[in-house]
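Order of writing sets the labels: A, B, C, D, E and F. Residues in every chain begin at 1.
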Amino acid sequence: MPALIEYNEASPEVRAVYDDIMTTRKVDAVNNFWKALARNPDVLRRTWESIKTIMPPGKLDALTKELIYLAVSATNECPYCLASHSASARNKGMTDEIFGEFIAVVGLANQNNALAAAYQVPIDDQFKL
Amino acid sequence: MPALIEYNEASPEVRAVYDDIMTTRKVDAVNNFWKALARNPDVLRRTWESIKTIMPPGKLDALTKELIYLAVSATNECPYCLASHSASARNKGMTDEIFGEFIAVVGLANQNNALAAAYQVPIDDQFKL
Amino acid sequence: MPALIEYNEASPEVRAVYDDIMTTRKVDAVNNFWKALARNPDVLRRTWESIKTIMPPGKLDALTKELIYLAVSATNECPYCLASHSASARNKGMTDEIFGEFIAVVGLANQNNALAAAYQVPIDDQFKL
Amino acid sequence: MPALIEYNEASPEVRAVYDDIMTTRKVDAVNNFWKALARNPDVLRRTWESIKTIMPPGKLDALTKELIYLAVSATNECPYCLASHSASARNKGMTDEIFGEFIAVVGLANQNNALAAAYQVPIDDQFKL
Amino acid sequence: MPALIEYNEASPEVRAVYDDIMTTRKVDAVNNFWKALARNPDVLRRTWESIKTIMPPGKLDALTKELIYLAVSATNECPYCLASHSASARNKGMTDEIFGEFIAVVGLANQNNALAAAYQVPIDDQFKL
Amino acid sequence: MPALIEYNEASPEVRAVYDDIMTTRKVDAVNNFWKALARNPDVLRRTWESIKTIMPPGKLDALTKELIYLAVSATNECPYCLASHSASARNKGMTDEIFGEFIAVVGLANQNNALAAAYQVPIDDQFKL
């Protein structure tokens, strides 16, 4: 089986997901992420359903959700996720100025996480649930 | 030297930072994080200056910045950071509904980061810088 | 010193490890991982001895061990490890269907790890050692 | 809202999930993980549906799935996940001997992931997809 | 089997490792880490042999090795490792001033790792192996 | 805006940082890391000021600081950071022998971090702050 499943070689089950992605996102092709997941149609379908449910705007707008997604991806050092979701974030309004503020917070949090661990800081009583 | 430096045993240099934290945040005590960092006054001062510069609202509002911070901390599994910045986020308007949307994105991104890696997904040409 | 040490330029100490790898695995060349570690013969030898001791089937069969190895590598986002051990896993019987179940668990665990941290879930008494 | 939602204070929507968990698992109470997620009924329901779909035996047996879950959790350093899923794994047949083989692979993989990164090992042609 | 194996309930094989640890380190008890690993005598023995081989001074002195160990542990957010190896580092000469310089580098590196990922920085030609 | 900002297209504010990097390091060009950060002049300037303050020798010599930086980067699996700081470390005296001892400690710590988590080792009283 090839590493990436193109539309014209996909099973009906996979094509149905591809079609829904393209219709929902108003695009005429799916990204490599989906073509890779298509090797496992169940994983493909469930992953798409999760994204389709979770990422649209709600109490949080679409760009804020993309920034949260990018913050996780930068922390996990995931090159594919950063490349694809940086593009999504720009499509949803991320400017260079917003990226500059975003990355400053991401860098700070990664720094301070390590500091809190290394200093073995005990949780303050007022922060305990 | 004790693990946590209280105000009344702090050096003038440390007290100056504590005072600035309390004045800036309009609180009458500093958290354990600062009391631990105070063992190294230079680290304390630089860390506070970074937070003071980075976390106030700019193009991104204060709550969005806290959510980005929390997304990093959840990914790094940092208990202290999650406890203290969850409190900060609530102070800046995070409701249970917002938290529910936030955590759904954080969980999804952590899941998909692992998927992208394990499927060895190549970056699409259109996402390359 | 080059980044990768080929057999014909390797020291006798390194060649002895290469020979043992090829004999044990019934292959006629070693992977880049070993050629890179060969810059430090002690590291090369100890790493090979660990793998040779740990990875063969015992109470757990060889494929299960590869899946555990891959689960760690997907979580750490290690491209080399995922590429080489995916090949090992396929050699030991991993089908696309098995990979589909494997990756679903890996994605779920990475998601739930972040949730457990962010919700600051206290450990239930019955789970304490 | 409390940090943990007990059954007798839960909404009908949350109780329905709790009931399904208890019925499916043949237990008479739910763990703290579920009581914490219940602050966000949508997150609770979706997370439970994922676990209910993914964790039962298929091509991989239930214990193998728990070991994969534990491998992720050890790598992410998630205390809650390790405590609760160690108990699950023992319920599904994990002996001390199996744990010993499991942890040896997890330790080895975490070690070798760091080695592969630090040596900047290029992926062998035969491992490329 | 208990979570921690005390000396007086340990098997001869485990006692031999405990004895070697105590003799080598000139202490009269072993830490909880060893008492936990003792549930798997093979894991206990191999882990001790690795530490005994790797951690003594060589080209790098004993304190530098402890700092490298701590840098990994802070990045992985491992509370036990940070608690026990901070004590080791202090025993080997780590002062508060050294810790201050150490933690500044650890924080900086964790910050910059996230920045390099998020900016998707391509590797400079002169840095390629 | 391009992904990398070259000197001749940089703003005066960015050029001033580039000039300071080149003067301080006695080199005639800046790395891609800086050219990427230059998309956000504030991030560029603050990051450079942090490195300029933190990385020079103090109680810890310059090579030890680079090794600590590399230990974090290997644990985070950051390819760019490993490539660029391996070069820095070699410039500051890292030999193959030193790298061999370094990587042995990094691998051991990553292994033992996972073990300490999976065995759920409680912190010994004498290690508590």
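Assume a contact is a pair of C-beta atoms (placed from the backbone, for glycine too) under 8 Å apart; a residue touches a chain by one contact, two chains touch by 3 or more.
What you see is a predicted model; the values in this text were computed from it and never measured.
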Which of C-E and A-F has more C-beta pairs touching across its chains: A-F
Subunit A-subunit D separation of Cα centroids, rounded to whole Å: 21
Whole-Å gap separating subunit B and subunit C, where each centre is the average of the chain's CA atoms: 34
Cα-centroid distance, subunit B relative to subunit D, in whole angstrom: 26
Subunit C: positions in contact with at least two other chains: 3, 39, 43, 46-47, 50, 72-79, 83, 86, 97, 103-104, 106-108, 110-115, 117, 119-120, 122, 129
Arrangement of touching chains [line / ring / star / complete / other]: complete
Residue numbers on subunit C that touch subunit D, as the complex places them: 3-4, 31-33, 36-37, 39, 43, 47, 50-51, 54-55, 58-60, 64-65, 67-69, 71-76, 78-81, 83-84, 86-87, 95, 97-98, 101-102, 104-106, 108-113, 115-117, 119-124, 126-129
List of subunit B residues in touch with subunit E within their complex: 1, 39-40, 42-43, 46-47, 72, 76-78, 129
Of all residues in subunit D, those that touch subunit A in their complex: 3, 46, 50, 53, 129
Residue ranges of subunit C in contact with subunit A within the complex: 77, 96-97, 99-100, 103-104, 107, 114, 120, 122
Subunit D-facing residues of subunit F, complex: 70, 73-75, 77-79, 82-83, 86, 103, 106-108, 110-115, 117-120
